[in-house]
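For clarity, chains are labelled A, B, C and D in written order, and residue numbers in each chain start from 1.
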Amino acid sequence: MQLSILTLLYLIASVTFIIGLRMLSHPATARKGNLIAAAGMALAIFGTIFLYRDENGNKLHNYLFIFAGLILGSLIGTLAAKKVKMTAMPEMVSLFNGMGGACAALIAMIEFNHLSTLLSQVPDITYPVAFVTNDGRSAIAGRLLIILAGLIIGSVSFAGSVVAWGKLNGKVKDFSFKGQHIFNIVLLLIILSLAALLIFDFTKSSNNIFYLIFGLSIIYGVFFVLPIGGADMPVVISLLNSFTGVAAACGGFLYNNKVMLTGGILVGAAGTLLTILMCKAMNRSLLNVLVGSFGGGSNAASSTQTAGNYKEITLNDAAVVMSYASKVVIVPGYGLAVAQAQHVCHELEKLLEEKGVNVTYAIHPVAGRMPGHMNVLLAEADVNYEKLLEMEQANEDFKNTDVVLILGANDVVNPAAKTDPASPIYGMPILEVEQSKLVIVNKRSMKPGYAGIENMLFFQPKTSMLFGDAKGVLQKLVAEIKTL
Amino acid sequence: MQLSILTLLYLIASVTFIIGLRMLSHPATARKGNLIAAAGMALAIFGTIFLYRDENGNKLHNYLFIFAGLILGSLIGTLAAKKVKMTAMPEMVSLFNGMGGACAALIAMIEFNHLSTLLSQVPDITYPVAFVTNDGRSAIAGRLLIILAGLIIGSVSFAGSVVAWGKLNGKVKDFSFKGQHIFNIVLLLIILSLAALLIFDFTKSSNNIFYLIFGLSIIYGVFFVLPIGGADMPVVISLLNSFTGVAAACGGFLYNNKVMLTGGILVGAAGTLLTILMCKAMNRSLLNVLVGSFGGGSNAASSTQTAGNYKEITLNDAAVVMSYASKVVIVPGYGLAVAQAQHVCHELEKLLEEKGVNVTYAIHPVAGRMPGHMNVLLAEADVNYEKLLEMEQANEDFKNTDVVLILGANDVVNPAAKTDPASPIYGMPILEVEQSKLVIVNKRSMKPGYAGIENMLFFQPKTSMLFGDAKGVLQKLVAEIKTL
Amino acid sequence: MQNILSWITANEQMFYIVILMIFVGIEVIGRVPSVLHTPLMSGANAIHGVVVIGAIIVMGKAEANNYLSLILGFLAVVLGTLNVVGGFVVTDRMLEMFKSKKKK
Amino acid sequence: MQNILSWITANEQMFYIVILMIFVGIEVIGRVPSVLHTPLMSGANAIHGVVVIGAIIVMGKAEANNYLSLILGFLAVVLGTLNVVGGFVVTDRMLEMFKSKKKK
């Protein structure tokens, strides 16, 4: 009876996951979708705690520990999630993802211990045991296979996520050595061989091999993510996300637990597709991201020499020009996010609006370091949603714009994407700011952006540079305009 | 071993169904998708014939009959499918659908016989048997339930499809009597009660009840479809399509056969959604279609009295006007389809093009009696695909059009959809032909179209009527233009 | 209630398959242009002809002297095949016209 | 080969569930606007936290004297819960901002 109800609860939870994810894909229903999935999850968790029965009909025990773990996890999780700054969102997601991976790896570990203890208790067992035979043992081989898959994938996901978190935090630097990709491939092959050895040839020392596999998987996870450019992290996180999904599904296989299986596979499939979509939105291939052709290392190599003359504009001039414009469009980019300048940017916007200027924002889909990054940031600063124009719409509006103010954006306004077939970003849709009457660019130097390439926009006659940290410059601009 | 391969084949077939259906939903991949699904089906069928083993490991027998049936069915099916006229497509689909429903019902019948024979051989059986108990018998109850579901749904689908086929053929007339909806509901309740009786209280006479249920289901199918307007048939066919899918899925449950289960459910779900989408495209609700508020009967009631004065145009004038126009748009409708005038229409188009007139077609999505009806028809007549404008595009073009020639279309150009909130078609997007300089309308009389309502377009000053059967009129027009 | 619950448990995986398939069906059809409704309908029609497999099984299991089963089964095979073959052929015919026009 | 085939047969339904789920996952995500990629990622992230159920089962089955299992299991429960709760809360926080802006 209890088990029947639990089955039903699991079924419901699986459906809520699908519906939740589906609703998450539409702006209007996203929040409700998230809550629905959360409710389904709660159902599944508490159902498991109270209704689960093992093969012999025994209830779970150790309730104290379980609840302690749940409460502790919830407390830390909620606190972390509430405290985190909007700009640090990718780090947070990455960290949570790593926790899931670690959880899957731990489960695999415990189950392996269980299995090997059971085996050692079989009276007349002769090592090595070959599980892959035609008799009943193949079931054990299947079990081992799943345990190992959970261990390897979970560990890689855990280690990779932690490294990704560190990189986004700025704590871990890009690091790569010659032949690292070969090294990684060899490492992966070793891990897989060891796993095969364990399955085909189980001996007393297999315990050690198991922990060796665990260790190597962690190392692999680290070296997998280390060389990838810090800015490519969102793609990597999405990929690791789908890894963890698969690891969770392994757990589902292990316990013949459908909600883990379906939930895990759902995220695995969705995460993989999301990764590919993100790559597409940045006009790159997944392989290109993973091998890191311009993700980071190359950035350092690209020079700071400039390809022409640019002119600067003074704070005062910029303030005057904007105050007397009739239509100003702000183009936010990665620089705005790192400078945490979204609030003062909103202040500037309000100030100008009070002076009768029509101010809107042009949001490029991959501006910043996360898809939709700018929408989240500006939403945080209380900018009215209707002021955020999507790329297509903005591109139609630039013709009638007096001043475009670019705040820490670079690649997303680089005309090379349209004109130069040799450019790595060729083909990426961009914000065509040069159609407006005047372009003011705020950044700290003439250094290139994420793609590591020169931006000819900066050298055009209608462009003026306004150097400095976005937050500082905006604060001064606001002060300046107030005195006008 | 054989069974393992069969399982794999079934899995592959299920996947091809999904992929096939998915590709069918995009114009570019549709044909390939259809072939992929067909290949998967072939795999599943031949796999079943050669690899199926029952619980005791026995192969199938009666190969002669099976192959005879397959060959006969294939021959008739191919012939019918190749011979059918494009305009008769809905009839054909409906008929094929009915065959599937009948197949499901027959299977249910045989399985019931099997079950009841088995039961009668149980030594000390005491009737009535109550299957729904807590012991093993509930399995039999489940089996009976599925058999009955297959029987009822299959029979309704079969009878309904045949009636739909007859209506589309013109062989069966709309027929309804007062209180028919109540009658239908009562009939359905009786069928369901009998089915419940069978399951809860199985006696020797249950065989008779079973055939009674079969007979009543057939009657229900007939009365379900009879009152629905002939023009609403595509919606009904789509609905019956999804019924047959569910009936097939019942077979899947019965034999624990996954490919039948998945294929049936897939079509059941897809068909239901397709039905709803079709209703939406016609700006109606499914209930409205089924209860038939303006599907047919009301047509007769609506009067032929006209609401003003209209003017006619002679064939010669029409020929001259079109020959000297620079841009002509043809609006095909249901009348073109019934008159089978697509070929001569294409001839007219070519003739005008030779004279330097720019001719295109404006295709309303629900023009005709099937979604996409006009596209199929004109494609058959070899009209260049690029000449077919979709509604939105056509509506932008009418401003620059000299002559619009409406061939047997009515509702899809009725301005009441935009202007008259009381009209039953209010809100349906229409082709806004009145933006052009001149409108020529060809139909046989001033009678209304499918929705049974007056069309004010015909009384506008820029509209001229050109009465007659579409095919005849077009032939004369072509001859006239040739003499110019 | 008890009954229904244990029935659900016994057929747990079946339920998952059915529910997931419903989602797949809905998602796959979700955004079809109405131009394709007719071929889509007839293509789906052909797919549910998979019921012919049931007919083949019934037929192949029937004892040689059970004439009722044989006759009904034979009929079922013929009708099911009609549905499958006719459905796919007619769909292909329609789509062929669509396609050739496009290439031009 | 034989082995793999019989394994597939034995887990037939599981395979169906996995494959159908993959289709559902792909179809559901298919056409997301890139604006929503971040919340979508973190929402999916929370869903795979379902792995915590495995941790609970492991924990609940561990004998009271098997300290290794208890400690690892406890850790697993904490980490899994972190993933679930943190994931849903953070997603909600992001989406809340989206929403409130819209209503204005």
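Here are some notes:
Going forward, contacts are C-beta pairs under 8 Å (C-beta built on N, C-alpha and C of every residue); 3 or more make two chains touch, one makes a residue touch a chain.
Not measured: the values here are computed from a predicted model.
The greatest centre-to-centre gap from chain D, using C-alpha centroids, is found for B.
Chain geometry summary: the mean Cα position of chain A and that of chain C are 41 Å apart.
Chain centres here are Cα means. That of chain A falls 46 Å from that of chain B. The distance from the centre of chain B to the centre of chain C, with each centre set as the mean of the Cα atoms, comes to 16 Å. Across the assembly, chain A contributes 18, 258, 262 as residues in contact with two or more other chains. Across the assembly, chain D contributes 2, 13-14, 16-17, 20-21, 23-24, 28, 30-31 as residues in contact with two or more other chains. Annotation, chain-chain contacts: A-C, A-D, B-C, B-D, C-D (touch as defined at the top). Chain B contributes residues 13, 17-18, 20-22, 24-28, 30-31, 33-35, 37-38, 41, 44-45, 48-49, 52, 54, 59-63, 65-66, 68-70, 72-74, 76-78, 80-82, 84, 86, 89-90, 92-93, 96-97, 99-100, 102-104, 106-107, 109-111, 113-114, 132, 134, 138, 142, 234, 237-238, 241, 244-245, 247-249, 251-255, 257-271, 273-274, 277-278, 281, 363, 365-366, 370-373, 375-376, 379-380, 382-386, 390 to its touches with chain C in the complex. Across the interface of their complex, chain D is touched by residues 13-14, 16-17, 20-21, 23-24, 27-28, 30-31 of chain C. Residue ranges on chain D touching chain A, taken from their complex, read 2-3, 7, 14, 17-18, 21-26, 28-62, 64, 68-70, 72-99, 101-102, 104. By the touch criterion stated above, chain B contacts chain D in their complex at residues 1, 3-5, 7-8, 11, 14-15, 18, 258, 262.
In the complex of the two chains, the chain D residues touching chain B come out as 2, 5-6, 8-9, 12-13, 15-16, 19-20, 23.
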